[in-house]
């Protein structure tokens, strides 16, 4: 609660800048239009115009809000013009990809921590894998997966997974290795076996590392799902809205899709934060 | 019923009205076909989709299809519902363009992804370099919209008669502000939106039979769409999953599309084919195709379908 | 006095390989610990006390010589769960309550739920932490944490108790109290105890045998058998006998320092 | 004996606001420290020793009462760079060498390069770390780190030296040695020293004044003026006078414990 | 079939070699050889799978074909590399990280701003920034400036959050020590808080190094001059020249890994004192 006022201030500042930027960016078009229509614009007319263009370079916040309101509240959820419907499509791919990425990442991390050979040979390539512009390869992945009969949700989820497994691996390797030498020795004095050590020591001590990674992974996963929707042909989903908006120069639609995606991301990340608080509190790690 | 999947070249819009009408009006089921229409997008290469087995039939432009043939993918044109090309270059008058002679030194927006071939062969015909050297034109890879011309980043952009041109108009520029160069008029038109299948599949009698029925039903759809443009546009809108299309735009598009499909009964006109090939072969230093294609089209299907 | 030998080292040698070259941590350690002994290890920082204890507990492999525990190798002894070990720092797991921490070795060793509960409350009482079972480690002061860690080592029935400066972090009064408690426990259970300390009075007060070590390389400078009786009230620290032994220990230490 | 008053607290009170409610760390502390005094603070864990020292150094704000240092507020005194402070843990900056760490306050206070070098080598010698100037903190043992941190506080000319358990991590021999050194330094420089310790003999050996504190809320239980002479060989610890004072301190502590 | 069998046998053999190698002492050479062997194994596996399963080259070309194309197209690859990496990614990276660093220092003195900026920063960092690409291309034109702008937006917030976090990383005692010296704000910043923040700052720099290249490439999908890695990839996919596409991907992976490695190397030099580097 302490950060309520500061956040409000910053958000307020952003809005002010936003409105200002809208005037600056859209004014050229307003003047251009006026010139062709042979009228002269007063400053206030220009400002109102920049905040109400149909296809502005930068839509004003209230235009975006109106669009979002129109496409969420006023449309039936099942309607293809409802942002909620598109959001749900993206969300399902995101969640599936996130689940797969997290699972894969944790498995890989367990392997890396327990096998030196794996640590030395796989880890550099995990890093290299992230330097491949998956976003550029996404269309091919979708086509190739289509070729082997996988279509629909899975190809998108696959791209999400590719983006989300990396932070999980990195975080979990760090976390599973976080028990110090003394804690490991302690287990050895009780002659605990490797599985016991894993369940009773490594896994619990990795929790503080896992959750921040999950937050990053969730955000990455959403990006993956959106990118996966771009090439599948503007069928459905927030990515498709972005693309269609871009295709028809509908900046208001782009921004509303973008803002919805951000809200979705924030909600998902907040959800993980909540889970983190509950888990860590039960584990007594939250003071 | 037999399953047929069709890969479109672009997103769901009136450009593909014939197929959606055939599906919606039950022309396909009348032929005992179960058709799935897969929308395309900016990064979907139909040729790649069919190579991967993701579709039975794809819609593609002939230059891109022929180029794929040279890459070893045996694409065969089985029907050509579009008689004329809808492609054009739209320029702003105030950028100082009034004829192709003015192109030199200007910035032109072009689509790539296999759609650049007609442009390249036109430029080579005009003798204009496209690699940025002196006296040539500066080429810009245009995104999915017409922003470059609206913002003055390019003097001309690629448009289709039925789509992007109207986006420019909608954005507030009037037809008087613009000059258009139709590829059709410049003698560099190439065949657009033909139906292509893999050559090896055509050896299979059952597949051929399926295609015969498919082409017949599709052409029925096209003719219906030409006759009832408003209804066709409505059907397309119903099938648009992105919910981004507007009725006004689709109706207008349907009207323009009807002009392009008008002269075709579905069968490929060998003369049109040859014109396309010649224009592509004459691509100067960097020709799109290097030799006369053989077996790139067949009348077998249309002959059977249209009888 | 024909007592059973519990730990025996012969010519024990240990060299750590480090980046800067080898560190000779233990050299030619010969030591016999008998059943029921309370052996203190004392010596300057870095002389190898911790290392020696770790070798006995199979946490470190000697590079020369032999070490047997209960007649078998330290490894087998560890697998037989022969020891409780208290580390130099408390090392409680922060995600477990005090009770959970003490239960941990019991879970691993497969004690029944009922017995776990019983033992936890018994040892908590012993170290005067009853009532803190549900608290997390960071809710306790440093001294209390150290006591909990001692309780954890006492919870299961290991015959050998190895303690590495368990009372280092405690203030003098609490320390005196725990010393008394430890002696009482030792008298009652006849455990064999290895105990590392920095404090001369503590070593003298507790031990039946004091091993004075000297550094670089770590070796035994002196082994002093205590002549103090088994009953040791705190006041024993003012007797001449006590002061005499303390003197001998201090001398041993000084020698080690000037050598090192 | 009309000496100059250096630190004076009157009715000092400090309450920490925590989630669980307020913690009354210091209550009604009245204390006068004169120039050249060596004052030890002793008391059970959590009785407020560290907190009191921090108030004097303007690292904590009292919630009641006043504290003056050199006749001005602790804040002004801090800005005048009146003290050196040695923390309970060494707290060296890992990215600086030992020499660099000792130079740090000198750089901040604007000493010349030449003088920096001189002082560094002087204080390193004092704590017997000559030759380690170029090493990084983690390449030294805990005890050596603590000595480096003491050297850092001695490097600049502060009249007041506040030390929070500086010798906690050291073994008895090194501790004895540093105690002697500290006494010698104090005798030579006439610094005023505030010194927190857990060890009764240490407190008695070093101090001119011993402040015994008791916890919950932290307050002064007893202030003992030492009657020992200024010259103190280590053997003084066996004299009856020494033992007498130690007894008084222990009694004060016990009282505090039973009260707490 | 024999191709696939061969691949599996090769895999098993190489894995055995790696297990053996990694059991030995961890020298510099070994820690280079082991991942190399693993990488070669992957390539061989890929080659065998493509040949064994007869995968069409328009779907997935074999590594050998990619290598040939790579060798034959060096000039084009170089032009694209300069356009996308040097101009787009690198300049955006430097501007973005630099701006974020300065912003972090600027808000450092105001806890109020920090409390407000961090949650918002985290929110924006979670935003699918790729969505901004078309907009930024619209604003900054088609050439590398718009790519750099996308990169700036992508790296700004991760870097900001890490730096602000880092500036808080010094522990209480270290800060108290500065207080007892009566150090000024600036002295505290340069002598304590910046050095202590270095591990966090480098963490941010490393994350951003992979983001930068991805951002620059994706931005080219939304309009570009006719050069650049993203342009080439999207164009050549349309032309079914998949070998060229993969050659570009190889360049991207090589450049990205080298970039990351360079940052990691500098990190090792600067934060030599941190436990994770010892």
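Labels for the chains are A, B, C, D and E, by order of writing; each one numbers its residues from 1.
Here, a residue touches a chain if its C-beta (ideal position, glycine included) is under 8 Å from a C-beta of that chain, and two chains touch if they have at least 3 such contacts.
Every value quoted in this text rests on a predicted model; they were computed, and no experiment measured them.
The minimum number of touch steps linking subunit A to subunit B comes to 1. Listing every chain that touches subunit A and subunit D alike gives C, E. Between subunit B and subunit C, the centres computed from C-alpha atoms are 85 Å apart. Computed from the mean C-alpha positions, the centre of subunit C lies at a distance of 32 Å from the centre of subunit D. Each chain gets one centre point, the mean of its Cα atoms, and the points for subunit B and subunit E are 38 Å apart. Annotation for subunit D: no residues touch two or more other chains.
Shared interface positions of subunit E, defined as residues touching 2 or more other chains, are 59, 134, 138, 221-222, 234, 237. Residues of subunit B in contact with at least two other chains: 42-43, 45, 48, 51-52, 143-144, 147. The list of touching chain pairs reads A-B, A-C, A-E, B-E, C-D, D-E.
Those residues of subunit B whose C-beta lies close enough to touch subunit E in the complex are 42-43, 45, 47-48, 51-52, 64, 67-68, 71-73, 112-116, 130, 132, 138-144, 147-148, 151, 153.
Listed in rising order, the residues of subunit C touching subunit A in the complex are 54, 57-59, 78-81, 83-85, 87, 89, 91, 93-97, 104-105, 107-109, 136-138. Chain contact summary for the complex, subunit E toward subunit D: residues 171, 173-174, 176-183, 187, 191-192, 195-196, 198, 271-275, 278.
Note for the complex: subunit A touches subunit B at residues 29, 33, 36, 55, 79-82, 85-86, 138-140, 143-144, 146-147, 151, 230-236, 240-241, 243-250, 253.
Residues 182-183, 185-192, 196, 200-201, 204-205, 207, 283-285, 287 of subunit A are the ones that touch subunit C when the two sit in their complex.
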